[in-house]
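Let me begin by presenting the structure, written as structure tokens, before commenting on it.
Chain IDs A, B, C, D and E follow the sequence of writing; residue 1 opens each chain.
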Amino acid sequence: MSNLVAQHPVLVVAVIKIAVLMFLLLTALAYLTWFERKVVAHIQSRWGPYRAGPHGLLQPLADGLKFLFKEDVTPSGADRFVYYLAPFLTLSLSLTAIALIPFGPGEFKLFGQRTSLGIANLNIGLLFLFAITSLGVYGVALAGWSSNSKYPLLGGLRSSAQMVSYELALTMSVVGVLLLAGSFNLREIIAAQQGFLWGWLPRWNIFASPMPQVIGFSCFFTAAIAETNRLPFDLPEAEGELVAGFHTEYASFKFAMFFMGEYASMITVSCLATILFFGGWLSPFPQIGALAWMRYLPTALLAAGSAWLVWDGIRYETLLGKIVLPVLGVVLAGLAVLIALPGANDFIQGPFWFLAKVFIFLFIYVWVRGTLPRFRYDQLMAVGWKLLLPASLANIVLTSFAIVVGKR
Amino acid sequence: MATTVNTITGTQTMVLNMGPQHPSTHGVLRVVLELDGETVLKARTEIGYLHTGIEKSCEAKTYSQAITLTDRLDYLAPLSNNLCYCLAVEKLLGLEVPKRAQYIRVLLTELTRIGSHLVWLGTHAIDLGAMSVFLYCFREREEILKILEMVSGQRMMTSYFRIGGLALEPPPGWLAAVERFVGMFPSRIQEYEDLLTKNRIWLARTQGVGKLDAEDAIALGVSGPTLRGSGVGYDVRKFFPYSSYDEFEFEVPTRTEGDCYARYLVRLAELRESLRIIRQAMAKIPAEGPIRSEAPGIVPPDREKMKTEMEALIYHFKIFTEGFSPPPGEVYQAIESPRGELGFYVASDGSPKPWRVKVRAPSFVNLQALPKFVEGRLIADVVACIGTIDIVLGEVDR
Amino acid sequence: MSLELVLFFVLAAMAIGGAVSLILQRHPIHSALSLIVVMVALAGLYLLLGAEFIAAVQIIVYAGAIMVLFVFVIMLLNAGVEARTNVSRMARYVGLPLGFFLTVELAYWIAGGAGRQAPVSAGPTPTRELARMLFREFVFPFELTSILILIAILGAVVLAKKET
Amino acid sequence: MVPISYYLVLSAILFGLGVVAFIFKRNIITIFMSIELMLNAVNLTFVAFSRALGKLDGQVFVFFVIVVAAAEAAVGLAIILLIARNQQSLNIERVNLLKL
Amino acid sequence: MAETQDLEQNPVVSKLRAWDPQAVAETHEFRGELTIVVPREQLRRAAEFLHGDPESQFAYLSDITAVDRFPVEPRFELNYHLLSIPHRARLRLKVRVGGSDPVVDSVNAVWPAANWHEREIFDLFGVRFEGHPDLRRILMPEDWEGHPLRKDYPVEGFR
């Protein structure tokens, strides 16, 4: 085996990249919950987490510990194997999906291997992403079935029907993008969106000629919210009706796995929306004289953030906050300086814009959750089959027509 | 898993126990649903999980002591219960309450109505998934509870109305607090409406759901907004005015659709009408004047008198040790509580303890309509229908 | 042993294990899960064979749609553990040996006969080529499948509606 | 390099197992699944040969097989649903009359 | 407390008298509330009449209350609080039931609202309602012994 590894240094690099990404991702997941709670709290005019650490920054840690140490109850009569399998399936699939996401255009060297940001670069990357997400339904359906309880069963039934229906709309809504890009490869899809219309409007697929993918994007994002079981489509877990839906009988870390799986798929879907419709890591500003300072936007933002942290930290009520927040601010300031250096600055542009767009989508997710009521099951199906699917089909027809006409 | 075969359609049905522990049953209500897929074939309502025997307890208390028990009935509108019980006993005694106390009673019960409707709106919305509305409503309810605390010293179990008037002189500055609330509240109602009234999902979830026509509504004896949403303009405040309600100008909002959305609109309109009544009451309440009627032996004397007059001290002692004895007879007094016609039947045998106290709880009667609302509809509608009846289990089970 | 061969054996073991488990499991859900394992393993084998598109379609359609449908139906019908009824004697005493024999024979002949054929050099087939074949040479059958699917949808709807 | 015969042997074994499952299972749904298993085994052969011969026809065939399998699953499961409703059982031995 | 003379002029009372003299056993008024005592056998018919009669239209049943007058016999009083929405009038129908055989006709068919009220009275007083579709205990557990609101049932319950 050891010679196998020596023969294939790619494997070593891949393992290291996976470890780093996994670490970053799990941290991001934890802080995504913090972010969601904070944003929803502010929408609802309350403070959100505030006790654990300054601004509740240690809340994810506290939550994690709580999940680990809670009693883990298995309902009697549960199908044990499947009951344990389901959360693993959910989490591992949604984590796997992120392996296919490219985070930036740059390349770097590791153990003499030139390698890119992102783990896998497949020719049919998009198809594979869909393949993995299409398996996601098993986690939910099996969890519902194996709990041997009625609410989870109903939740599981709902989810399998819902996810299968919306997957169709999800897949169909990106066909327009595929037609424009002519490739399944996510990097090539981004590359196809380079350039500007009339010198200022980025040629992202959402604006692209000959056929802006506005319909496609609306369908995609709606279906994506449904695929990730978030409000207003969170029927499989609808706490008002089905208590907690498919994960009613899950506690402790198994519950946390569902939770993390949901947030991981939120990230995946936001990344996909960014890549397919909003130009991935491409900057929205043309690199012309007046806007050249945009290269230093990440630095500026970080610097502003660090200044605010220091200012806020000094005034903070608790001693811990008085120490932690300014230190964080100084670290951010250091980062800001670091990414202003010429070599790093080029490298950081792609990931910066990519993550910024992903962040906006995640914010929209939370915003929607804070605003809308929930659909009823039959209405949900009606939206999926009678609105989203025809709209995305129409989008395909219109796009292909526009391409044919455009070629003339 | 228990599945039974429905003999009529030949399909397998599933019996689902919704509650008594369920997030959307607003307490310990249990609904036994027979489901075909997600469609409700039959619904059976089981209550009694919060039965505390309040009516029996009343028979062992003096008339004044029983007031504290009424707080626990509809714990979202304690002052309505206080008011109804006091009015019933006052009717039994033939006691007239000073105008100032009457207006303060009206003002506070209307505040309670707003508070109760806010809880209804918030929980109804969160049942249907609109989480933010819930927190907005509780934000405003907090202000009301603060006013109640200011006046009575208690946020929820107020026991502020006493037989013959009020417990205490309201503290200085309380009207300013009401004023602040009244000034702020209309924009807040608008906020809820912005989030819900024209929201497509909200419309889809409530319109045409939980239909009840006027005839069925009357036959089932439902009252309050549930009845008025079906187009019957029965409001006790207008029909049998009590506590000077006839001196106030207000509308009784009705809708004819008879669905959840109609009831939602009725209740929202009631919020505005209550505000109107509160504004009028604020103008009417005299700055000075007695808050208790002059009835020696029934109404406790003022603190001041008690310390100076021998007679008053004796009455005070007698009232709080053995109570007072109304003449034998029976009365039924109804008021319009936030949930509908709240009635107290009080029978006296001439002793200091009521012979029988019966609460005509609006939630109890309205809840009977639930199977009518949900049969043939989906599980998700059950939640909407329970929410739209606006039940309080403390009152249903008593 | 080359990496490819290792992968092949791992995936083959997964596939065979899944198939055996499909037979041995008595609850339909477990059988369905076993079959999903087989399908995922096969998708991996397709990748080894360079058929990227087919591998993705295998997972999306087979594992992600058809098997979900199976699981859905099993959950919907609340199917219990399979009754252990007596297998027909014919199947037990004639069918099993025959099936076993058939498998061994097939394997033997294939291993002996077709094994000489060397595999063509590596490199995934471009999806573009596959698309070209589908829409040029096989365009008629391709369009026919859409009619087939339409008919299947109609059939399913009619069958499911029959009750009412 | 994996010799093509390995794939073919694997395919044969899978097909055989599919046949065994088809014969031995009593539950209609499982029997249906064993058919899918056999189809899958055949697909593997197609892809393997397509690779060995350097032609794409095999993959196109697999594509068609998958489409047919999907159509079959839709109709087949609808039939199973009907049987389950009318017979209250999924046991193949109780579905011996040619009627639903 | 009864001013029988005056009440003869009351339209509801006179209407009911005119319809069936047997239906009114006695009438009283206390604090402006009209009470008509109806013999047990006549209750169902009187209810139907009051519900359907266009001049009374007591279509709305507010409440049914039972009172235990123990140890007086007949022990139980059932008070039906009726409301006529078009006429804005209230009326109390009273029925007296003996303790030895506490049975009354159910008015469930006249006012469906009576369903739970009658179940509650059955539960807490032990008065049975003839013709009730679903006469089960409602507040107390199914296997509860005794009827808690009866006067011979101690407030603390049986220990």
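Heads up, the rule we're going with is that a contact is a pair of C-beta atoms (placed from the backbone, for glycine too) under 8 Å apart; a residue touches a chain by one contact, two chains touch by 3 or more.
Keep in mind that this is a model prediction, so the values were computed, not measured.
Enquirer: If you tally C-beta pairs in contact for every chain pair, which pair wins? Let me know.
Expert: Summing C-beta contacts for every pairing gives the maximum at C-D.
Enquirer: If I average the Cα coordinates per chain and compare with the overall Cα mean, which chain comes out closest?
Expert: Central chain is A.
Enquirer: Using CA atom averages as chain centres, what separation in Å is found between subunit D and subunit E?
Expert: The mean C-alpha positions of subunit D and subunit E differ by 71 Å.
Enquirer: Measuring centre to centre with CA averages, how many angstrom lie between subunit B and subunit D?
Expert: About 64 Å, centre to centre.
Enquirer: I'd like to verify one number: the distance from the centre of subunit A to the centre of subunit C, where each centre is the average of its C-alpha atoms, in whole angstrom.
Expert: Chain centres of subunit A and subunit C, defined by C-alpha means, are spaced 32 Å apart.
Enquirer: Spell out, as numbers or ranges, the residues of subunit D touching 2 or more other chains.
Expert: 85
Enquirer: Which residues belonging to subunit B are in contact with no fewer than two other chains?
Expert: 1, 11-12
Enquirer: Spell out, as numbers or ranges, the residues of subunit E touching 2 or more other chains.
Expert: In subunit E, no residue touches at least two other chains, as defined above.
Enquirer: Which stretch or stretches of subunit C touch subunit A in the complex?
Expert: Those residues of subunit C that touch subunit A are 3, 6, 27, 29-30, 33, 36, 43, 52-53, 56-57, 59-60, 63-65, 68-69, 71-72, 74-76, 124, 126-127.
Enquirer: State the interface residues of subunit B toward subunit E in the complex, per the touch definition above.
Expert: Touch residues, subunit B against subunit E: 47-48, 51, 53, 55-57, 59-60, 91-92, 94, 218-222, 232, 234, 239-240, 328-332, 334, 341, 343, 345, 347, 355-356, 358, 360, 364-365, 367-368, 397-398.
Enquirer: Applying the document's contact rule, which stretches of subunit B touch subunit A when the two form their complex?
Expert: So the residues of subunit B touching subunit A come out as 1, 14, 16-17, 22-24, 38, 125-132, 135-136, 139, 195-196, 199, 201-202, 204-205, 378-383.
Enquirer: Can you name the residues of subunit C that touch subunit D in the complex?
Expert: 2, 4-5, 8, 12, 15-16, 19-20, 22-23, 28, 31-32, 35, 38-39, 42, 45-46, 48-51, 53-54, 57-58, 61-62, 65-66, 69-70, 73-74, 76-77, 79, 82-85, 87, 91, 95-96, 99-100, 102-103, 106-107, 110-111, 114-115, 117-120, 122, 125, 129-130, 133-134, 137-138, 141, 145, 148-149, 151-153, 155-156, 159-160, 162-163
Enquirer: Please give the residue numbers of subunit E that touch subunit B in the complex, ascending.
Expert: The contact residues of subunit E facing subunit B are 1, 30-31, 33, 35, 59-63, 65, 67-68, 79, 81, 83, 85, 88, 90, 92, 111-113, 115-117, 124, 137-141, 148-149, 153, 155.
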